[in-house]
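Okay, so here's the structure we're looking at.
A, B, C, D and E are the chain letters, set down in written order, and residue numbers restart from 1 in every chain.
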Amino acid sequence: MIVRPYQHWFRRLLGWHGSVLPKIGFRLSLNLVMSIVAIVCFQWYESLGVHLTTAPFSLLGVALAIFLGFRNNASYARFTEARTLWGSMLIAHRSLLRQVKSVPLDKAHAREFAGLQMAFSFSMKHQLRNSDAHEDLTRLLPPRWRDEVLSSPMPASRALLCLGKWLGEQRQRGKVSDILWQSMDENLNHLSQVLGGCERIASTPIPFAYSLILHRTVSLFCTLLPFALVSDLHGMTPLVSMFISYTFLALESVSEELEDPFGVEANDLPLNALCVSIERSLREMNDDFPLPPLPQPDGRRILT
Amino acid sequence: MIVRPYQHWFRRLLGWHGSVLPKIGFRLSLNLVMSIVAIVCFQWYESLGVHLTTAPFSLLGVALAIFLGFRNNASYARFTEARTLWGSMLIAHRSLLRQVKSVPLDKAHAREFAGLQMAFSFSMKHQLRNSDAHEDLTRLLPPRWRDEVLSSPMPASRALLCLGKWLGEQRQRGKVSDILWQSMDENLNHLSQVLGGCERIASTPIPFAYSLILHRTVSLFCTLLPFALVSDLHGMTPLVSMFISYTFLALESVSEELEDPFGVEANDLPLNALCVSIERSLREMNDDFPLPPLPQPDGRRILT
Amino acid sequence: MIVRPYQHWFRRLLGWHGSVLPKIGFRLSLNLVMSIVAIVCFQWYESLGVHLTTAPFSLLGVALAIFLGFRNNASYARFTEARTLWGSMLIAHRSLLRQVKSVPLDKAHAREFAGLQMAFSFSMKHQLRNSDAHEDLTRLLPPRWRDEVLSSPMPASRALLCLGKWLGEQRQRGKVSDILWQSMDENLNHLSQVLGGCERIASTPIPFAYSLILHRTVSLFCTLLPFALVSDLHGMTPLVSMFISYTFLALESVSEELEDPFGVEANDLPLNALCVSIERSLREMNDDFPLPPLPQPDGRRILT
Amino acid sequence: MIVRPYQHWFRRLLGWHGSVLPKIGFRLSLNLVMSIVAIVCFQWYESLGVHLTTAPFSLLGVALAIFLGFRNNASYARFTEARTLWGSMLIAHRSLLRQVKSVPLDKAHAREFAGLQMAFSFSMKHQLRNSDAHEDLTRLLPPRWRDEVLSSPMPASRALLCLGKWLGEQRQRGKVSDILWQSMDENLNHLSQVLGGCERIASTPIPFAYSLILHRTVSLFCTLLPFALVSDLHGMTPLVSMFISYTFLALESVSEELEDPFGVEANDLPLNALCVSIERSLREMNDDFPLPPLPQPDGRRILT
Amino acid sequence: MIVRPYQHWFRRLLGWHGSVLPKIGFRLSLNLVMSIVAIVCFQWYESLGVHLTTAPFSLLGVALAIFLGFRNNASYARFTEARTLWGSMLIAHRSLLRQVKSVPLDKAHAREFAGLQMAFSFSMKHQLRNSDAHEDLTRLLPPRWRDEVLSSPMPASRALLCLGKWLGEQRQRGKVSDILWQSMDENLNHLSQVLGGCERIASTPIPFAYSLILHRTVSLFCTLLPFALVSDLHGMTPLVSMFISYTFLALESVSEELEDPFGVEANDLPLNALCVSIERSLREMNDDFPLPPLPQPDGRRILT
């Protein structure tokens, strides 16, 4: 049940939401200007013996498409991995709580544990977006653990440590046998993998040289393109040149947006909605109603 | 033993079933109209100095093919992952029941457990397709767990929780040792991964900007193509233009269909048949005959 | 030590075995006919203003190559996954038997277990190829389990269940501790994954729309190609046209063969040889000599 | 929160940091010289009947782009795998310390263990970079293990062995039960995988024949290119030729840099910063303040 | 610290070691001959109305590059997987010995175990290369296990079985608890996966049809190429034709070499060096000095 801003093929042609046009608008306009310059000056610089043909640009365009395809794959793989990690977080949270609830503990204990779980997710979101976690953590953390997590410089890692301590205590109280401790600890390892994986994606961009090379070649390609097309297309140059430039610039722009999937742009991951759906799922398992409402896309149809 | 609507190469050329022609028919016709417009107006707009050549379209076409290839890969990877997740579900179900049956429990207990397993699968199907799970769940759920699962807003997640509770009870009754509990719980984790994985695929489309960019460039490309071909091909323009457009539009269309593999279109996953084959496999292991019949493809050779 | 029908580069040029020529022979001949038609009718239809040039076919050819590349990747991935699954089966079988043999059981017990293991592999082969498993199963199954497996509608899944029952019995007899049971059960899970994985590959082809679109475009492309080449190449048209067609048709044909890796064609998996090598390996570990001989390629150098 | 040397698209066009220009500068200048030679000698060698056209270079260029794309993928996969392995190290370290801290041990013991963990990471860094580990190891190693690790010819592997010995001792002292030992040992296995994985990447380059073939064809291609372009472009030859050469040479150069991700060049992994952030994370979990400061990029914006 | 035969870009242009030139030399010379034939006969066969142009060869060349790219990926994936499996072997060996050494056993026992481990690795090397394992096995095997392994038709699999027996004995002697047995057995499973994985790679080539099709099309392409180039390039035909042919033939040749990574050619895996480094690592962990020296590349800079 995938929901996209526009489902119909025709509305999609002209729709605005989710588009990268605002980002590349300036460079597209520049391309338009160059096209007009090319048409106007064509006669003059041809007479100077300076001229460009389509053939080398065709070769370059295909090579660029291949390299952009590579960059696209790399960026999309980061986006997909980040999403999969957040999906694993939900899975590990559910499995953990299922394991906790298969042990005869009273309800308050399970809710304390679930509170720490949610605090872990929300603090991870705030860490990845460099935003302030205080409000969410105060709301979610069980009183006993509040100070320890809030005062730590690495609240997500500390919340995980607290989950481990909670589990260790239950083991020492004899509520949880060694074997059960092991199964739950395994899921804490999964949470640790999610945290470490997201930190890795956030701190390690695609090697900067790739961005640099592609950015330069795509820009130069789009700038010179009108001069290569004008001898064949005359008046149609602006249309075709902008069309080709749009394809290349837009794909470069999406690649760059997806490279950092934890941002708050149109094509980034809706970390906020993911956190709330984790909260909903854990509360439902604890019969802890009412559930918080699912966030809805805003006016620009973006879910943060 | 792969069964396809048409096995022979010649019938496949002309066959209708499974084709995406109905979806792109309108746009292909539009292309035909544009081709005729191009032939008719060729003389007139050439005289205005407006003309298009094949060269830039060739460059663009290859670039588009590369980007479509990327989109295709991404969509097909989603389809494959979704299918693999459903395959893992069957595997985990079989392993779980094998483990349950290696413990000396009476038959009714194993069937109660299998009932919960089937309910999990069917409720997942209904959740992914947004359809009503009530009938299937009433049929499959053991009486003891019926109300709990049916009244939950997230029946699949709740059925999993009940499987965990069943297991926890057997552990507390001493029927299942801690170690056996651990091995079975591991398979419950697998079911949790399947549920979480499918929810992820269903809720996270390929970033919308890709669809948008490719949709626009493919559409514009097919619209302008006849005008670029007409100066070379004259009367053959409609044939070649529609041929090239078919390749691009059809591949874009399949990509889009596969992006959401849980739908009920020709190329989507037959979730219904998968659920029934899980039911058959679990019932067979419990000697719970007769088995329900396997669903057969309908008149349009589609299996839902 | 990879053995191929032809090792020398020159013999490989002209060799016959393993080739897909027989499958595409008819369509290649058709291409030859079309080339001759093109040469003969060239003057006539040129005079009617109908003509085709290489440029749009070049664009289409490259696009087709990219899409064929995608299809090839998908088919080859299925082939590789299927082979890897059968490899995992051998690994899991060996590990299981190693674990069984590290427990002080008498020889007959280990051989009974190995018998069930081999029966599992052979019944899987017959299930994937839709062939009759009765003979192999009668030969391999230990008497105690023969009836149960033979009478089941799903013998592979049932043989796995029997392996689980055998293990459960040893556990209840106190021969195998819970921990050892867990380690062996883990390997039974691996066998379950192999079975489920192969069933998935066998029952889920690449979405039919891909086959359809590629089949149609490749066929139409090869049919029209001579008419596009003839204006440039005249008498050389048949040679070049058949050469290009061979590349595309042959790759499409291999893709299709590999899509169903469990068949008995030249490029399919030698399931029979794989089963025998599993039997050999397990018998060797049990010192159960003489080992059955390894199957050898037949006259057409095909190993089934 | 990805930080790149230049965020704005325009500054990125002209920026210097992270660029591979210094490495390919000589070969680009050579290309400029060849372009001028081509322009100057064009009339003369044309008159000798020697001439080159764009068409074959276009074919070759696209083929080269495809092969460079392959090489790029392979190099980038090495870079990504290396980074993921270092990420797994942080994850395993955190999980290990969480497990150690869930056992009632006194603080000094946990810090001794963390000291060995950090020594493992730093010695791995020095091993991969062939630098001297003595200073870091002396600083980090707990006195009891210092001599054993420092005197070993393979300090990273030895530090891991010591972690295992520490754990074995706690098990024999009864502080850690067998089950807990197992969970921690599992994480030691992860550390072993990280060490082995990085050693594999460091010792096994991409098969040298690929570097050789691509290096030769790219170099020859760039050398001949001006002669092919000059007949069409005349005075524009140097610009277009250098532009195309830049794309190919720069991508070959980045590929080569990434192939060995453990170096100290601009696009290599910041192993030093990774080690410090592991140290910070472990110290924070042990409340062992103050934390060492995070390394900052140097004047050339490189983090080592 | 990747060491390549030539580090400097210029020496790499002309270097000989690691090159595939010797393998494709004959076919390249053939191409030279055909180029000369093309130049000489050009006038004559043009007058017969037989002529070839670059356009269809350009299309074919790009398609071939895409298919060669696919083949390259498949071959390189085999090479990488084989290397990763050998890397996993080192990791599993180290982890096993670390586990053995965390148990209070006397030194001789640990060395006996390590002896079996090394014998496993060396026998695997000899099995994959079809060479004689007798000498290495006699040197490495502890006396107690020598006969059993040496007399087996499958020494690698038998050495693994003996490792399992050794472990089972320690368990029955009470030296190793069930839980520790489980952790070590897990690593034996990893060794089993390495053995099975390498056997799979060695016994299953890439489907032969791919080799056949690519070999034929590449050969035919290179043969016809001079005739297509000659009308444009005249005297430059041999240079450009050999250049393009070199790219295609060389890549096909490397692909074929990498397809069987266990050989002893320049680009194959140095199994011998890998075995020795495993031996060194295990001996170092046992303080079993002096370590055997690391093998060095031979005169042709090849490490076997």
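Side notes on the structure shown:
Quick note on the criterion: a residue touches a chain if its C-beta (ideal position, glycine included) is under 8 Å from a C-beta of that chain, and two chains touch if they have at least 3 such contacts.
Listed by chain with UniProt protein names: A, B, C, D, E = Ibestrophin.
Computed from a prediction, not measured in an experiment: that's the story for all the values here.
With contact taken as defined at the outset, there is no chain that touches subunit B as well as subunit C. With centres taken as mean Cα positions, subunit E sits 38 Å from subunit A. Centroids built from CA atoms put subunit E at 23 Å from subunit C. Shown for subunit C are the residues that touch two or more other chains, namely 55, 58, 62, 64, 66, 69, 73, 179, 182. A single ring links the chains, and its order as traced from subunit C towards subunit E is C, E, D, A, B. Against subunit B, in their complex, subunit A makes its touches with residues 1-5, 9, 12-13, 15, 18-20, 54-55, 57-58, 61-62, 64-66, 68-69, 72-73, 76, 79, 83-84, 87-88, 90-91, 94-95, 98-99, 101-104, 177, 179-180, 182-183, 187, 229, 232-236, 240, 243-244, 246-248, 250-251, 254, 257-258, 266-267, 269, 281, 284-285, 291. Of all residues in subunit A, only 27, 48-53, 55-56, 58-60, 62-64, 66-67, 69-70, 74, 128-130, 152-154, 157-158, 160-161, 164-165, 167-168, 171-172, 178-179, 181-182, 185-186, 188-189, 192-193, 195-197, 199-200, 202-205, 207-213, 215-217, 219-220, 224, 259-260, 262 touch subunit D in the complex they form.
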